[in-house]
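As written, the chains take the letters A, B and C, and residue 1 is the first residue of each chain.
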Amino acid sequence: MSEHKKELAGKPEEDKNRRGFLKDMGAAALTGAAALLSGSDEAEAQATWAEFFQKNYRLMTDAEKKDAIARLEERYSEEYGKKVTVDGSPAMKDVLFGYALNIQKCIGCRRCVHACVKENNQSRNNPEIQWIRVIRMEKGNFSTENMDKGYPKGEGDKMYENRDYGIQVGGNAYGPAGVTLEGQHYYEPEQVPEKEAFYFPMQCMQCEKPPCVKVCPVRTTYREPDGVVVIDYNWCIGCRMCMAACPYWARRFNWGDPNLPKEEMNPDTHYLGNRPRMRGVVEKCTFCMQRTRKGRYTACVEVCPVGARKFGNLLDPESEVRKILERKRVFRLKADLNTYPKFFYFID
Amino acid sequence: MQKKIQFAIDFISYALKGDKRYYTWLGILGLFIIPWAYGTYQQLVAKGLIVAGFTDQITWAMYEGNFIFLVGVAAAAVTVIFPYYIYHYKPLRNVVLIGEMVAITAVIMVMMFIMYHMGRPDRLWHLIPVIGIFNWPHSMLTWDVLVLNVYLALNIICGFYSMYKRYSGQPINDSFYLPLVYISIVWALSIHTVTAFLINTMPPRPMWFHSIMPIKFISTAFAGGPALIIISLLAIRKYSKLDIPNEAVNMLSQIVTWCLGLSIFLIMSEVVTELYPSTEHSFQLKYVMFGMFGLSKLVSWLWVSWLLMIGSFILLLIPKVRKNYNILPIICVALFAGIWIDKGLALVLPGMIPSPIGEFSEYTPTWIEIFNTAGNWAIGFIIFTILAKGAIGIMIGEVRHPSAVGKAEAHH
Amino acid sequence: MKNIKLSIYVLCFLLLAGLIIHKIGYSQEGAQPAQQTPQTEQPKQEQQPQIVTDCFESRENYTKTQRVENIVPKYGWPNVKCSQTTGGVLWWGDPYDGTIPMGEMPALDETDVTKGDYAKEETVVKPREKQLMYFNLDPNKNCTLCHDGKIVPFPKDKKPRLLNAHQDIVANSMQLMHGRAAFWCLDCHNPTNRNRLIDHGGNEITFNQPQKLCGKCHGEVYVDWRMGIHGKRTGSWVKGGKKRWWVCTECHNPHTVQVNRFNPIKPEPAPVLPKGMKNAAHEAGHGHGAVPAHKEAATTSAGETKPAAH
């Protein structure tokens, strides 16, 4: 964007806004706050004015969507010093995205976590926002020496310390084994997989009945026709109801201004996907919308070095995911909550 | 109209006038505004919520806790309105207005805390129906927004209507006023019920996810709120000419006693239900009661709060103690603090620990968060002081429209 | 008199408030440096650490790839982005970078559920031959540089014997870690044309299509692989879209597969706990290798009383 052109385009816009300012005092006060809140760089301020008053993406007309996208493209391109495209393509016809993860194969290398960050323009430090969490689960460790020992004191479970609750004496199967709530999130061994552990990656499950969508007071988060639960970052008020309601801890919040170095920025973005976010809004996995709506696998599927991650169209009986559902033992995480995730775990 | 403007001017100018003690009190509260202003600038303008102690693991904390607690305080106005209007318990006559002022203040504070809790307070207009999207009835938060705003309006209308009528020496129009009062009684219950529903409809947070929550909220509210009213009544009685009969205070302290007893019973039920089977769902309660995996920052807070509540309850059961107006305010402060900890810290925070996928971590509020919280409370106290002062002026007849001076006070 | 009393009250209140604030914020000291770090880290970010360009895709040392800038000019993407700590590829700018057509893949039989799938798709693989060190000693002769029947004579039979070469690949040829002693090198490697593999029917198979050989024994996995359930694909998820299929030896080392189906690799860095937060004692392994805290607890907790904190 040349300086000259910006100047030409900028002036009348600004004037119009200024007149609006005088006209509507109430709105002006709000807008002033908005300008304050999001920095007052000249070019940015302009977009901020228009962005501030834009509707929820879901309710925009096609023309309004185009405007919003053009505005963002210009702003991002300027901000990140390269040509940034913001895709607004709608859900593909007859597509319902589904995901399957082979829990038996995952080695816990966390490449998916970092691939996701490379792809999705998350804030990079303090802390780095990550949409995937891999949890280390112990296979279980039982020994004959402990066979005759008394009622175990579950670690950190002070209630049982030195107490016999009359249930039994002896026994040694009290250690955590398999999937427990006390898995380790910050494991850092020399090498993975470890002999005594397996790993359990979690991310947004793209529920068919998403609790997060239900609790959102402004419907900024909603389910797209292809089954992906998305957020209009420009409409989010940052109340974090969705974060509290999500049973899978899949949502992250931009506590401060996101920091995304120019050279790290992925210029291929989607409006509802990986476009750079702003302070004070929630974000989450969108099944790499900017890729998958163009037909490409998600970044985490592509990066998994053991091929534990599978992605495809649930409506297509020939798709990888459907074949897995047909042939493998599959489960959904926390099925008791009736959220109907489209993210399946399976074992061979 | 002229009269109404005159009313506003008289009310405010009376409320802002006072002796040295009055200004000292306001001045002390005002001191909290200085760090508050700094914190507010940092959080709402300069840097965002990152200056607070929240993380993705613990997304709701200090502000949310205070918000929940204050909704209870707001609802507690019903403890004076109900006996007065339903049972026609006359000694509460002068207390009703104070109760309404507490409610107005508490709701304003609630809204302030919500503002601080929001990531994008500049986009609050997205909530306004028609120009924004109001996800009602699906979102519990929209219910909360709705009931709180209506409750604020009801209390402002009821409180200021009756004050205005007294000011101008006109009789109260019962067919207008009483229905509003009755609605506000039910509404008071609804605000705290909805706030309970706000958090107890989330299965991933087992500590919140039980049906005892609404009644526990209401019972703790009806213990903590009247305690605050008692403290202010005793202070008002001491420092102003307003006559508050002993019966009024006694009535309130009885309500406090029984509601506190009920709260303790409900807490006990919860503890037994959670700890006897001791499933993974009890982790959050166990964390806050005993600490888990080396994390125990909240443990002492919780026990202090329960001890305060149990201790106050036992003391309040003794009629002699309850009617000793030197000890009563101390007990009230203790149980108010106890309930504040129980609802503010020991309820909201452990709902986040462990996270739904089992991560145990601990939160520390930052100074800015503490500044803002303290400042919001100070502002609340300032608002209440001013409103109560004005109301007292009306009640003792020092604020009167010239045309009403000398007229017998209207009865209803 | 009253004023004195009042001021005492006020002082007490302030003292109490101060105490409470101090108590709440007592671990602030720990949190402060964590909050300041971004400011000190920012300039570091701008300096840009040396970008890792020597990467591996899946199997360390056998799926090497080089980062090349601006392979996708539209977005200015490199072909790959790699981990700064392990060199593992984290992200593909071009999922088909360096691939060739997969070659013929006949249907398994008439009932082959995988047939239709493959027939309609454009399928590519990354040539394996480029990854093999000995194969690339000579660009033309490849393995026959030595295994030409003269320098190294052709073996007379498939009987296992101790080899003095290629110990880097198979440490002890008498204990091949594949097939549980049921077979030996020459069951897969063509004895007379070492540039090719060979199946039990005597058909020559190139190193680029190891699946044709592996599938002969591992039929069930092979069917899963052809359906996309086993193994990995990159590129387009769309039915009929262009896909890169990852072949067996990109993940499995056929010479040691009996020990490790997938050779262990260094994991990527753990997430960072924000703001100097404290986390559970069983995360204590963080930073110094895996210390399975539960294991420790299981062995020590039964006997004596042991504090939960490590």
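Odds and ends about this structure:
Operating definition for what follows: a contact is a pair of C-beta atoms (placed from the backbone, for glycine too) under 8 Å apart; a residue touches a chain by one contact, two chains touch by 3 or more.
Computed from a predicted structure; not experimentally measured.
Annotation: A-B is the more contact-rich of the chain pairs B-C and A-B, by number of C-beta pairs in contact. Across the assembly, the mean Cα position most removed from that of subunit A is the one of B. Averaging the CA coordinates per chain and comparing them to the mean over all protein CA atoms picks out A as nearest.
Subunit A and subunit C, compared by their mean Cα positions, are separated by 23 Å.
Distance from the subunit B centre to the subunit C centre is 55 Å, each centre being the mean of its Cα atoms. The distance from the centre of subunit A to the centre of subunit B, each centre being the mean of the chain's C-alpha atoms, comes to 36 Å.
The multi-chain contact residues of subunit C, meaning those touching 2 or more other chains, are 35, 273-274, 279-283, 308.
Within subunit B, residues 55-56, 291-295, 354, 359-360 each touch two or more of the remaining chains. Taken residue by residue, subunit A touches two or more other chains at 126, 133, 155-156, 158, 182, 185, 255, whereas all remaining positions touch fewer. Those residues of subunit B lying in contact with subunit C across their complex are 20-21, 24, 28, 53, 55-57, 291-295, 297, 354, 359-367, 370, 374. For subunit A in complex with subunit C, the residues that touch the partner chain are 82, 85, 107-111, 113-115, 118-119, 124-128, 130, 133, 136, 138, 141-143, 145-146, 149-150, 152-156, 158, 161-162, 172, 174-176, 182, 184-194, 196-197, 255, 259, 261, 263, 266-268, 292, 295-297, 299, 301-307, 310-313, 316, 318-320, 323-324, 327-328, 348.
Within the complex formed with subunit A, the residues of subunit B that make contact are 44-45, 47-52, 54-56, 59-60, 117-127, 132-135, 138-142, 145, 199, 201-205, 275, 278, 280, 283, 286, 290-295, 351-352, 354-360.
Within the complex formed with subunit A, the subunit C residues making contact are 35, 37-38, 41-42, 45-46, 48, 57-59, 75-76, 81, 83, 88-92, 95, 113, 116-117, 224, 227-239, 241, 246, 251, 262, 264-274, 279-283, 285-290, 292-295, 297-299, 301-303, 305-306, 308.
Within the complex formed with subunit B, the residues of subunit A that make contact are 30, 33-34, 36-37, 52, 56, 59, 126, 129, 133, 135, 155-159, 180-183, 185, 202, 211, 214-220, 235-241, 243-249, 251-257, 279-282, 334, 337.
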